[in-house]
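The following pair of complexes shares a single chain, chain A, combined with chain B in the former and chain C in the latter.
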Partner chain A sequence: MSKEQILSSDGIPLEQSLKKAERKNKLKAVLLVAPLFLFLLIIYVFPIGDMLFRSVDDRMITKMLPKTFKAIENWDGQNLPDETVYKGLYEDLKFLKENKTYGKIIARLNYEKSGFSSLIKKTVRKLDKFEEGNYKEQFIKVHKRWSQPEYLVALKNAAPNWSYAKYLKGIDMRFDQDRNIVLVEEDRRIYKILWMRTLNVAFWVTLFCFILAYPISHLLATLPMKYSNLLMICVLLPFWTSLLVRTSSWMVLLQQQGPINDLIVWLGIAADDNRPELMYNVVGTFVAMTQILLPFMVLPLYSVMKTISPSLMRAGKSLGGTPLISFLKIYFPLTIPGIGAGCLLVFILAIGYYITPALVGGASGSLISNSIAYHMKSSLDWAFASALGTMLLVGVLAIYWVYNKLVGIDNIKLG
Partner chain B sequence: MANDQFVRFENVDKSYDGKQLVVKGLDLDIAEGEFVTMLGPSGSGKTTCLMMLAGFETPTNGQIYLDNKVISDIPPHKRGIGMVFQNYALFPHMTVYENLAFPLRVRKIPKDEADKKVDKALSMVSLQGFEARMPMQLSGGQQQRVAVARSLVFDPQLVLMDEPLGALDKNLRESMQYEIKHIHESIGVTVVYVTHDQTEALTMSNRIAVFNDGKVQQLSSPDELYERPVNSFVAEFIGENNTFAGEIIDASGDKCKVKLNSGSEILANPIVAKSKGEKTTVSLRPERAIIDPETQMDNNHKGKIEEVIYHGDHTRLRVDLLGNKDFILKVPNSSNRMDIKEGREITIGWNSIDCRALDPK
Partner chain C sequence: MALPNHTPLNYRIWHYTYLTFCGLVFFFLIAPLFVILPLSFNAEQYIHFSAKMLALDPEGFSLRWYEDMIYGTKNPWGLATKNSLIIAFFATIGSTILGTVAALGLSSRHMPYKAAFMALLISPMIVPLIISGTAIFFFMAKVGLAATHTGIILSHIILGTPFVVITVTATLTGFDHSVTRAAASLGSNPVNTFMKITLPLIMPGVISGALFAFVTSFDEVVVVLFLAGLENTTIPIQMWVGLREQLSPTIMAVATCLIVMSTLILVSAELLRRRSERLRGINR
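And now, the complex of A and B:
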């Protein structure tokens, strides 16, 4: 059955004239949204894309040693390669030396196999004395490592443009010479510990925040306006103070000669010469992060509790439910959207928290974010920092997915 | 058999802030099986009384008895009083069935028995088949019925209703009034109903307690309340009312002569103001005054029609009578009174027995 086309009064099909009438509004809407869209694109989508890209981008070495890699492609990796590889290497290195850019490949190749650093440095130093022809022998004469196939295998392994080696490193694994995935040596397995610690801290901070925030939010939602406003200011006050200031005040409070320790000693819980360490360990991280992230739990909870009519609890009681049963069966289930939102928010913030663990965490309290910062600023292994960041991002998305499966994302209320 | 003092308020005071009494020395008896409405303007203390009865507020002074037991120390969940709230207070995360089963589950009633009770309660409000719905999927009237069913499902002896029909539109409100009245009649539960809507109160109640200023002004049956208000607040609050302010100049037997502020004199029925020299407000229902009375009436006065307001079944006249420019008259809408026009002089008559001399305002 075909629908009859409806015409507007001037004879143009209705659909068409509606579009025409709406066109101007649509254009306005697009223009209004455009600046924000561009802004998001520039500060959000590009950097994340760049991060994802960097974490797998391994083209640098391929670009810098083009002739070598072209020649090494045909090598079987068993015996020493033939002259063409060494010739390519000579030409590439010579070019790099003239442009003074060989430093970059040293770092990269040293990740692949330690020992490359001195090998390349020495070779480059002697490069001027090389004569034309028979490069293989000359290389081996400069450094006998050039006669060990492992180094050339390592060189060949660095050839692919794309690599997920950084991700393996992030979970304490690596490629061995035969490109098998193996665990790194036991004394170098630090990332698994870091990840577990990060998850652990995020979990407990979320739990503490929840335990503290639930009664506060309830109070906020039920107190008369003049008191609840004051309390709300108390909750929000930390927001208006610099994060650094707040963290430093915790350092003042928590230090060994600080007021909290004084109090503990005064109460006789610990001896004066045996003051507990409250800072530069996980305890400090827990305390400071819980305080700092508390508002992120209070606000969603408050906004949900505000909508729960007090007559519901009264109804529960009048129908014979004890206060506890009424709370568990009526009030608590209704606050789940707020709990979900608050926990998700706090957990996600906690998992990537940087400043506080860096300042009060010490060595045993540092988290994955501190490691990312270290690789960004100190080791300059941006690819690895990107890989860790991506893993964090994927982890957060996974949590979001699990939450969606368990509670349903439309069951979330942020305010 | 029936207990005349099933619910008893004995000298109950209530203050929230220690400065002002919301309820003042309230004494009120409610018989078993009765439908009593607490009626009054907002802030008159009626809801506070209900909350004290339910256990959500404690009396500042005095005692409340339920079935001869003092209930002040019993927490709300042990009082066994059903309650219907203003905004229904249905549990939004539970289905209709779960809402109704809640009071049964906390009482540990076995499931098959609970199912029967839920079914019975739902049939009472004709909502069978809605068990699996969520409250949000129901219309206002249906939610209201679920709330009523829930307050009755555990067979309480007493049900409190706190302006339960306030959020419904006019037609629905009227039909729900009858429905609640019929439920009350069929199961004989005691109901205490709070409202500020006088028609609602008049339609449904056995007795009405008119609240004002923290006190019960009058407690009596609807017709008594309307026909024989004991003071000018009740007369003003219930139904329409014409008033004249004046002073009694002669009181003899069942009639008294009142000199109005405008100078004219009328005959009235001394109720509150009885003796000579007392100030009074005289109250007269609009329907008791008749235009051009054919029978002999002891008050006959001329007035001028100021305004004619058409109301469908009747016409309302605003008349300037004895200095009162807002004297209202109701004329049934029949064809023989087509001569009513603005500006006309008419004679208005009424019997002094309907014209009650009450306390001055």
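And now, the complex of A and C:
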């Protein structure tokens, strides 16, 4: 570096003024992105964070039984607790009774240990007859379960503000009364089945899409433009058509009196009075999802195949390779980026699919997202819905991360 | 794809198997859509090809389900159409403006952490709708925007922006920045440069992004299912409700109208894409 500094026209050293211009450009770019970024942050990222928070939030009961939990903190969980715990419980329950809000804790405590429902209801009913002092004896007189330590252990277990019990429930596990993590009873293990089915459906749908999309993408990429444009409509029209329209067309096709069943009967594969169930099971989910997601596989494959020069295959053949060998050694490896992009995209979309499984899947074809919707809209266990959602989200984001590494998110092409 | 005369038989067989397979896949893609069309003109109450229809007897066909769609008292398609159009209109405007502006920043080579921002801004397209719906519902309920048009429009803006960002960034990759510098050197301020120079050049990308945003909003059902009250019902919601109860021919009529609409959108998107490629000088 020479000692002499190069100056720009206004007398400021060039390096400095370049840096200033660079900073200004950077600021300009950031300011352009900022509105969308902030909008997304407030209405999208923050709510998703709130959802994570909801899935572990267990403060409702802590707020409702403050004195009980404060007193039970010092209890060792072995013998029956002393008078202070019962006194706290009496005061808390009395307060809840006056405000008529004790219903909420019943469900929560019953989840911790069954039998709490009748216990709390009976105790609250008799609460007015309680006399001051010696609450422990009076509680036990109302219901003998108050003398069984396991109920008080369950009460103590409900005390912490945060709980990952909902996550355990999402993988068919729970806390037993000694706070050990155990599997739930055999006949209640439904979530493992749901997760496995979701992965299974996503995997097979991705595979089917790949098998169907590869040849037609190749055809589209090698045909002369005027034919391929026409055929491309077959791919793009479903892509642009409403999801519900496409699902309803599958409902028409797959119903028991539908055209596909008519065909099966006509071909003599099944008797007319014994038409196979094609819908409201996993078969319907597979078929409909494959057709609906197929364009998402074709488009990335097509855009990669379009860039492969046909002379490469000719060169392979002229050097003595059979078509199969030329294909396996030359063409196929070149299409791998497209395969990766298509498969990851279809898998990501399939794993969170909701509408189609809900309409054509029935009970045996429903996926994890249907369970989230059920807990949001029907059972109203929002914390559990949030926990399932978070688990699904982590999975999807992991695949998204891989996608981003392999394909690069800015390489997504649409239409 | 005619084969030369000297092609050996096994290649010939292989080639025609391949073409047949492709034909079947194209059929699988497109045929389900065309099942709906004739059924919407069915004269009978059931979703079934009646004997009269198969015999092409004019009596087997009617427009009664279209009549029912428009004038039927029980069918809230009028309200649903109005809501869908209002919501999609404002959501499209919102996502197009936000998405285009963000794409301009993202395409600048001075943008720091470009990949991370891009990944974040695209994420609403990747995250399953059921999760977006759940999270947005909690938020809208908290700020009192559940069961309002505003709440639905805001969430549809989020779902639409990734498409605009992608299409506009794609248009900007071939963009020659010397034209904006030329405008600046001729004394134009940045806003004027954008309106007069940049925007007309990236217009095809902006419009095709807007089309995507429109279709996304118009077709979106999961988030609306969580957010909508009775007053906010949309076409997809009505279809969803109808499909869950029973397949009715009226739904087939609505579906036919939607297919016609998507055909129009497909044609305009295709024309735009070609125009964009011509404008940017990409020859294929």
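Heads up, the rule we're going with is that the second predicted complex is superposed on the first by the 378 of 415 C-alpha atoms of A that agree within 3 Å, B and C clash if a C-alpha of one lies under 4 Å from a C-alpha of the other, contacts with A are read in each partner's own complex, and residues count from 1 in each chain.
Convention: a contact is a pair of C-beta atoms (placed from the backbone, for glycine too) under 8 Å apart; a residue touches a chain by one contact, two chains touch by 3 or more.
All values derive from a computational prediction rather than experimental measurement.
Novice: By the touch definition at the top of the document, which applies to A:V407: first (chain B), second (chain C), both, or neither?
Specialist: In the superposition, A:V407 touches no partner, neither chain B nor chain C.
Novice: Should A:L253 be classified as contacting the first partner (chain B), the second (chain C), both, or neither?
Specialist: In the superposed model, A:L253 contacts chain C only, not chain B.
Novice: Would you check which partner chain A:L334 touches, where first means chain B only, second means chain C only, and both and neither mean what they say?
Specialist: first
Novice: Given the superposition on chain A, which partner contacts more residues in chain A: chain B or chain C?
Specialist: Higher number of touched chain A residues: C.
Novice: Return first, second, both or neither, reflecting whether A:L312 touches chain B, chain C, both chains, or no partner chain.
Specialist: In the superposition, A:L312 contacts chain B only.
Novice: Give one of first, second, both or neither to describe whether A:L31 is in contact with chain B, with chain C, with both, or with none.
Specialist: A:L31 contacts chain C only, not chain B.
Novice: Based on the superposed arrangement, let me know which partner A:I140 touches: chain B (first), chain C (second), both, or neither?
Specialist: neither
Novice: A:P323 contacts which: chain B (first), chain C (second), both, neither?
Specialist: both
Novice: Output check: A:V283 vs chain B and chain C. Expected answer is one of first, second, both, neither. What do you get?
Specialist: neither
Novice: Give me the intersection of chain A's contacts with chain B and its contacts with chain C, in residue numbers.
Specialist: Touching chain B in the first complex and chain C in the second, residues 323 of chain A appear in both lists.
Novice: Give the list of chain A residues in touch with chain C in this complex.
Specialist: 22, 25-26, 28-37, 39-40, 43-48, 50-51, 54, 212-213, 215-216, 219, 223, 225, 231, 233-238, 240-253, 255, 257-259, 262, 291, 294-295, 323, 348, 351-355, 359, 369, 372-373, 376-377, 382, 385-386, 389, 392-393, 396-397, 400, 403-404, 408-410, 412-415
Novice: Show me the residue ranges of chain B that touch chain A in the complex, using the header's touch definition.
Specialist: 54-56, 75-83, 85-87, 89-93, 102-103, 106-107, 150-151, 154, 160
Novice: Please name which positions on chain C make contact with chain A in the complex.
Specialist: 1, 11, 14, 18-19, 21-22, 25-26, 28-30, 32-33, 35-36, 39, 46-49, 98-99, 101-102, 104-106, 108, 110-112, 115, 117-124, 126-132, 134-139, 142, 154-155, 157-158, 161, 163, 165-167, 169-170, 208, 212, 215, 218-219, 221-222, 225-226, 236, 239-240, 243-244, 247, 251-252, 255, 258-259, 262-263, 265-266, 269-270, 273, 284
Novice: Of all residues in chain A, which touch chain B in the complex?
Specialist: 309, 311-312, 314-323, 325-326, 329-330, 333-334
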